């Protein structure tokens, strides 16, 4: 377990350094890191501190949030198909964020953007849990997710189309596929408070999720307060997914892929999977964000495209396996 | 010493009275068998006694705070759910959750309790096996071990031996007898009246949500009650090897 | 399907007891509809009174159109085949970026369509004016406009000397290189286009960090549209803000920059003070 923690941390740190030293501007790795740490009031320090650092930090924050949220949702629903993107939570958060931007709340209310995204995500999680029931079967879960995603996506498009701003209508791609391009420390500051709060809430669920391995009845009889667990889960998920979506758009499949890969390494324990998925999610989004810059540097490739390319085949595989188990 | 005291318990499920005015008490040293036909309210009665379902009336367990209740009684639900492919030792260790403080890792005492539970259920060789890949009966034993590891004064188990082979059925009933002999107690719902008669110190007979008999097996399993409640006839004999109970035929 | 729609439209037209008479080869068109922002303005400049019937709705939007007021005097169209057909034009002028399906439909219905390429350089502005003169049968008017354009452009170009570098920076981090109308406006105003140093010759994305390292003498950004968008958020990025605080900066007025019309001269003129400001430093 300790070895996994160290291994994942090393991977995240390595990718973090790579993210800092790679970019469209040709700056040597040593030079760039020096400019980051020392600072010379020149353009190099500006690039490092205001462009690459916030981008790399956001990749870690967004990835950790999505990985953690995925692991928590899966643990609670006891279903490996639960991913905030797939079940419509991210889509609802995006709707909240778009509403915040288009109504001007984002510009006038401090933290208005992430809180509106949180509100959207809350509606999404609430709907999914209501529709899918306490132990969501794969089928109802996915169907509920499709319905919520479709509705949230349509409303997001509608809001953007009604905007008087000619650019807004073209931004549907950003909200659907996600991107970390040209973010700044402002966005780090926007997302961090809710991510910390939600992250702590979700991290506290480890024991309850472990107990849920035996089912709701057994868990409750072991002293786990299911009502409280459900509330903490819903708010925690909405907070981290809302904050992540508000600054990066919908980045799908991270919460599906990462827990799936790491489950074997933590002996399938849902509690241990929480922190492992947070680290793993950070690594995945960092890697994807490096890839969008390296593979097609001048095409503004969206982050969600890459995570979907990795995640969708795995999703199909999981559906296939679930089908076999049900048959 | 009373470990569970239930009085005037009523549970209404979808407008129907599933448990109807039931009262009983379980003291230390008892192995109580809860018998009755399908749908007679056995599961609902036990869940209500634990406070897992809304009820009217009194239950000493349900009145406790969640954590204290979990230290006073272990519950083995009928649905044998193991959601993730964890190893057997991890699964059984889950039974120690009520004894751990917030964020506390299992201590030596907890590991010792897990070892005892594994040994009791004949599972020492299964420690590192993945629970979800075991056979149904093996999974059932693992889940019983989990409940045993909780080491509570009272154990409530819903049809714990339903999936076991005859050897393990007897062994498990003897385990429950051992619990009772150590001064703890168990309330176990059963369909096998033969095993109930041989191993339980006392039987509770439910019919349509009402407690129709409460007493020693030979007092409860009378010819009239078997005919009225289960609709069967049976042979009941006291032998040198203990009481023998054999259902014979369905009453026309 | 096509028959059905055509038939219905025909019925409508016949019901109004009009016949579509194609314009003669040497006879100038008498009822012209333009469906592109840039051809709208060219046509309004060149057409004879009464010759131009309708312009696109964009021509009336002062943010993007340099002739918004003039456009009020014309019927407005939204570029739909059906509405344009019912206007009974004898010539439709479209941009090469106009909806292909609409243009094809109009041609199938027997309406002549002149398709104009956008102007990518200051020279092409002359070509577009000349072509507009040709399709409208207003060669003389076009020649007058071209002569006027040449004269004013020459006067503006006269003042050269040190060329400060400037970067054009729009929403989404988009910029224009030297082979674009905007890039040529920049050069004509006496600047050097910083995007060229980054290897961008047509339009493209100038990565924010490349912009920061280019350190242009001036940053010329797109003007904000009402409402909010994430695309324009980049203009508030700390790096862009730092560049704007430290260096000369201006904002472009879309209506003078987007179309290849003589109004580009206004854009060139407007950059003069910015250049003087840098020269004064």
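Per-chain numbering from 1; labels A, B and C assigned in written order.
The criterion applied here is as follows: contacts are C-beta pairs under 8 Å (C-beta built on N, C-alpha and C of every residue); 3 or more make two chains touch, one makes a residue touch a chain.
These numbers come from a predicted model, not from an experiment.
Chemist: In contact with subunit A and with subunit C at once: which chains are those? Just list them.
Modeler: Touching subunit A as well as subunit C, we find no chain at all.
Chemist: Can you identify the chain nearest the overall CA centroid, using each chain's own CA centroid?
Modeler: Going by the distance between chain centres and the overall C-alpha centre, it is A.
Chemist: List the centre-to-centre spacing of subunit A and subunit C in whole Å, with centres computed as mean CA coordinates.
Modeler: 42
Chemist: Taking the mean of the CA coordinates per chain, how far is subunit A from subunit B in Å?
Modeler: 43
Chemist: Quick one: subunit B and subunit C, Cα centre-to-centre, how many Å?
Modeler: The mean C-alpha positions of subunit B and subunit C differ by 82 Å.
Chemist: Could you list which residues of subunit B touch at least two other chains?
Modeler: none
Chemist: For a test of understanding, state which residues of subunit A touch subunit B in their complex under the given definition.
Modeler: Checking each residue of subunit A against subunit B gives 78, 207, 210-215, 217-218, 220-225, 263, 267-270.
Chemist: Which part of subunit C faces subunit A closely enough to touch in the complex?
Modeler: 171-173, 204-205, 207-210, 212-213, 215, 225-234, 237-239, 242
Chemist: Name, in rising order, each residue of subunit B that touches subunit A in their complex.
Modeler: 47, 50, 52, 66-67, 69-71, 73-77, 79, 81-87, 90-91, 94-95, 97-98, 100, 143, 146, 150
Chemist: List the residues on subunit A that touch subunit C in their complex, please.
Modeler: Interface residues on subunit A, with respect to subunit C: 23-25, 27, 43-44, 46-47, 50-52, 101-102, 104, 106-107, 163-168, 170-171, 174, 181-182, 184-186, 297-298, 300.
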